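Two complexes follow with chain A in common, the first pairing it with chain B and the second with chain C.
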Partner chain A sequence: MKSIYRILVIISLVIMVSIPKISGADGIVRYLLWVLLIITLSSGWNIIGGYAGQFSLGHSVFYGIGAYIFVLFFHSFKIHWALSFFIAGVFSVITSIIVGVPTLRLRGGYFAVGTLTLSEVMRVWANNAPEVFKGGVTGVAVTLPEGWSPIYSYYLMLSLTVVSVAISYFVKNSTLGLKLRAIKDDEDAAEGLGINVLRCKVAALMLSSLIVSLAGAAQITFTAYVSPDSVFGVKRSLEMVLACLLGGLGTLYGPIIGGALFEILARILWGFPHLHLLIYGGIIATLIVFEPRGVIGIADRIRHILKSRLFLR
Partner chain B sequence: MLVDGLIYSLFLHFIFLSSTYALMTYGMALICGIMRIINVLHAGFIMFGGYFAYTLFIYFGIDPLLSSIILIPIAFILGFSIHRVLLARLASISMQMTLLLLFAIWLIAQNLALLVFTADPRMIASRLPYAFEIYLGGVSISFQRIVLLASFILISFSTYILLNRTMLGKAIRGTSQDEEAASYCGVNTKLIKDIAFGIGTVLASMFGALATVLYPIDPFFGTVFQFKAFVITVLAGMESIIGVIVASMMIGAIESVAGFYLKFGLLDIVTYMLLLVILIIRPQGLFKG
Partner chain C sequence: MLEGANISKFFGGLAALKNVSFSLNMGEIVGLIGPNGAGKTTLFNVITGFTPPSSGIVRFKGRKISGLKPHKICKLGIARTYQIVKPFSNLTVLENVVVGMVSGRRKLSLSKARSEALEILKLVGLENKESIQAKNLTLMDKKMLEFARALATEPEVLLLDEVCAGLNPAEIHRAVQLIKNLQKQGLTIFWIEHIMRAIMAVADRIIVLHHGEKIAEGTPREIANDSKVIDAYLGEKYLLG
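Right, the complex of A and B next:
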């Protein structure tokens, strides 16, 4: 079984790497960029929301900080993109510690409300302080270096996705992952077992925010635009949660499947501005009520039925 | 004399502001306090009440005050069935799933409102019979504020009676204090929770209907109210009517002062930051043990 997965992973990687060589810089590459972005975001969210069970509704804070720091250094100070990228990541990890230590003391739903409030604070602040957040309400269009093509963004995004899935994999199979799962099941019991609950949660938030902020910085290279409402808005945070829920919370493959499904959905709903949030809401509600484990849960059920019907192994 | 006049008008402003805040918080406080559900659908209920009153006024010419009374059974059934059908089965699983579900329902409600009523603010306040100014001690006040204040007093009083002087209120408070003990005393805690959610919905949407007397409504109407209601609820410790009123007065005072110094867009940040600080320092509320 293990070797089959390994071969599948290698094949899909080869396909993903060779796609731009075959199709060129347009069409499918532009579409896949968004797919990779949402997969990266939701696997980043999954570390804190899925593994540790701490529903953050304010991950757009890290996304936005990544984007704005990148724009500040890359666009305003004219620093090389790789270095600005690095700075954005470092800055976001520091922010996650500052944010995490107080808010992660909150239990369950209060953490969700706390982070949601935080993202609103950031959004309102960014809209009202053009001296800190470049461009103010209208946002800022970023000039990319000459000769930059979407293919570079594609490879950047692809490597980021691979890194984030790899981080998810290692976290899941590490002691940290086990501790997080214990925290998810019962915080008091985990504390009783001698787990430093707060430290584990903060570590999870750091990894999660690192991935999300790097994704926020990387999306600048193909959207070339940033504004407070587009990066700090509640919609971004919701998309991460929705993609995770669609695929399966707390699983390694969940965000990947969910992200791909989500982007297909988003494409279908492209032309209906109000309808799409309505349908997101409908899907979240239906999933929570009927199958909180998402597509992976549904697949599990189908496999179960098939097994019992067909007397398979 | 001038300073006296300023203080007097500030005081009036403060009274009206904090009574509005208290009025919008009752529903939230009841639901958060008794079910330990963080009701992110509160804004949806407020919006529902607002559009209900608006529609009745436009098509049938019914006064918002009357429609807020017509609203009582409708909102009660709405809240009761939302809790019975959707939330009751989730409550045992996790608080976060409940929160996410309510958030999803709110998204649906808000975007339905956007589709049906569009994003334009709807205003009926100026067409009401009591849209005139009166002079109280030399300060001009629109009469609608007096109407809101009167309904605040009426609703506070009846909610207080309901929670503190009736068997139902006793059962609700008992369930909120200790569910198991309440069920040993013969309280059907499941039903009580449904009913309490229904009452919370009624209070929230009544505020929505009454607010059309003064404010224009749009699909985002209620979002700011919701955050403020949550701040007040957390401040008040999710317990009593009196606590809610005191906490509303605190928020009203803080906002009156902050509004003096900050630019308009940044005013909401004060409340948000206050919520974060209170959540972190005293999650059990200020007026509790």
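Right, the complex of A and C next:
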């Protein structure tokens, strides 16, 4: 089974790498950029939301900080894009510690509401403080380097996706991953067994925010635009959660499957411009109640049913 | 080894513990009994750091531990089980024990922890259930898993909160045997229990709590004949077999 997964991963990587060579800079590449973005975001969110069970609804904070810091250094200070990228990541990890130490003491719904509030505070602040957040309400159009092509963005996004899935893989199979799963099931019992619960949760949030903020910076290279509502809005936070739930909360491949499904869903929902948030919310609620492990959970159920049928015969 | 001096705990105006003092000697089994609401579990929560005492002090090997966080106290060598079992339900039996090994006092690597966890599972009789999710275990097995998980942290003192409640006579026998074996291996045990047959048979000493106060302390025989304990808890003269 393991080796089948490995072959599938290699094949899909080869396909992903060669797509721009075949299709050129337009069409499918532009579409896949968004797919890669949502996969990266939801596998980043999955580390704190899925593995550790800390349901953050405010990850747009890290996404927005990544985006704004990148714009500040790259666009305003004219620093090389790779370095700006790096600075954005560092800055977001520091923010995650400042944010995480108080909010991660909250449990369950309180943590979700706390992080949601935080992202709204950031959005309102960004809208009203053009001296800090360049452009204020209207946002900023970013000038990309001479000759920058969406293909560069594509490879940037693809490597970021690979890195974030790799980080997820290593976390899942590490002692940190095991401790996080224990914390998800019972915080008190985990603490009583010698786990420093707060430290583990903060570590998970740091990794999670690093991935999400780098994605926030990388998307600037193909949207060439940043505004408070586009990066700090609740919509972004919800999208990560939804993609993760669609694929499978707390699983390695869930965010990949979920991200791909989400982009398809998003295209369909373009037809209902004022209803889409309502529909997202409905889907999130339904999945949490009936199958938090999404597509992977449903596939598991079907496999179990088939197995027991075959066994009975 | 483990001692508490004048421990009080107030929840609002309610005194859950009033000036309770106790001390455990190395290698001893000490029973803690009393009616429901007497403050037994609160005392355990105070010792393990889950609820800090309102006043009083807990010392472990001469060092003050009251005020430390639960994970620190665990790392010093005090582990516990819970009255209402708290297994990590979505983890397998083996993973439950491995968690204790990688985060307790020793911080083993994952692969080393796995092989040692199997040894502990054998000790509590769960060796064939290692890959079952903990939520699918029977109550008896869940209680044994709590044991195994606590042992995985390599404690010197083990606090047991009603391990026999809800078990049938054969299972109680198994649990009591296990506790005796642990004592032989040098563990100090502090044990809350309502099943008198079980605790009277193995405890070296028994402490009785009532309305948050210690009303008696002594050997099982002394406790069974203590008029205050009979009034408050045992109900009629408890006959030792």
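Keep in mind that, in the parts below, the second predicted complex is superposed on the first by the 308 of 313 C-alpha atoms of A that agree within 3 Å, B and C clash if a C-alpha of one lies under 4 Å from a C-alpha of the other, contacts with A are read in each partner's own complex, and residues count from 1 in each chain.
Everything below uses one rule, namely that a contact is a pair of C-beta atoms (placed from the backbone, for glycine too) under 8 Å apart; a residue touches a chain by one contact, two chains touch by 3 or more.
Computed from a predicted model, the values in this text were never measured in an experiment.
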- After superposition on the shared chain, which partner residues are touched by A:Leu275: those of chain B (first), chain C (second), both, or neither? first
- Kindly classify A:Val113 by the partners it touches after superposition: chain B alone (first), chain C alone (second), both, or neither? first
- Item | Residue contacts with chain A in the superposition, chain B compared against chain C | B
- Task: Please work out whether A:Ala190 is in contact with chain B alone, chain C alone, both, or neither, and reply first, second, both or neither.
- Result: second
- Query: Between chain B (first) and chain C (second), which, if any, makes contact with A:Val289: first, second, both or neither?
  - Reply: first
- Message: Applying the document's definition of touch, where does A:Ala215 land relative to chain B and chain C: first, second, both, or neither?
- Response: neither
- Should A:Val241 be classified as contacting the first partner (chain B), the second (chain C), both, or neither? first
- Message: Give the list of chain A residues in touch with chain C in this complex.
- Response: 174-175, 178-179, 181-182, 184-186, 188-197
- Note on the structure: Residue set of chain B touching chain A in the complex reads 37-38, 40, 86, 89-90, 93-101, 103-108, 110-112, 114-115, 227, 230, 263, 265-266, 268-269, 272-273, 275-276, 279-280, 283
- Of all residues in chain C, which touch chain A in the complex? 48, 50, 69-71, 74-75, 79-80, 82, 86-91, 95-96, 98-100, 102-105, 109-110, 149-150, 152-153
- Item | chain A residues within the chain B interface of the complex | 53, 55, 57, 102-103, 105-106, 108-110, 112-114, 117-118, 120-121, 124-125, 127-128, 238, 241, 245, 274-275, 277-278, 280-282, 284-285, 288-289, 292
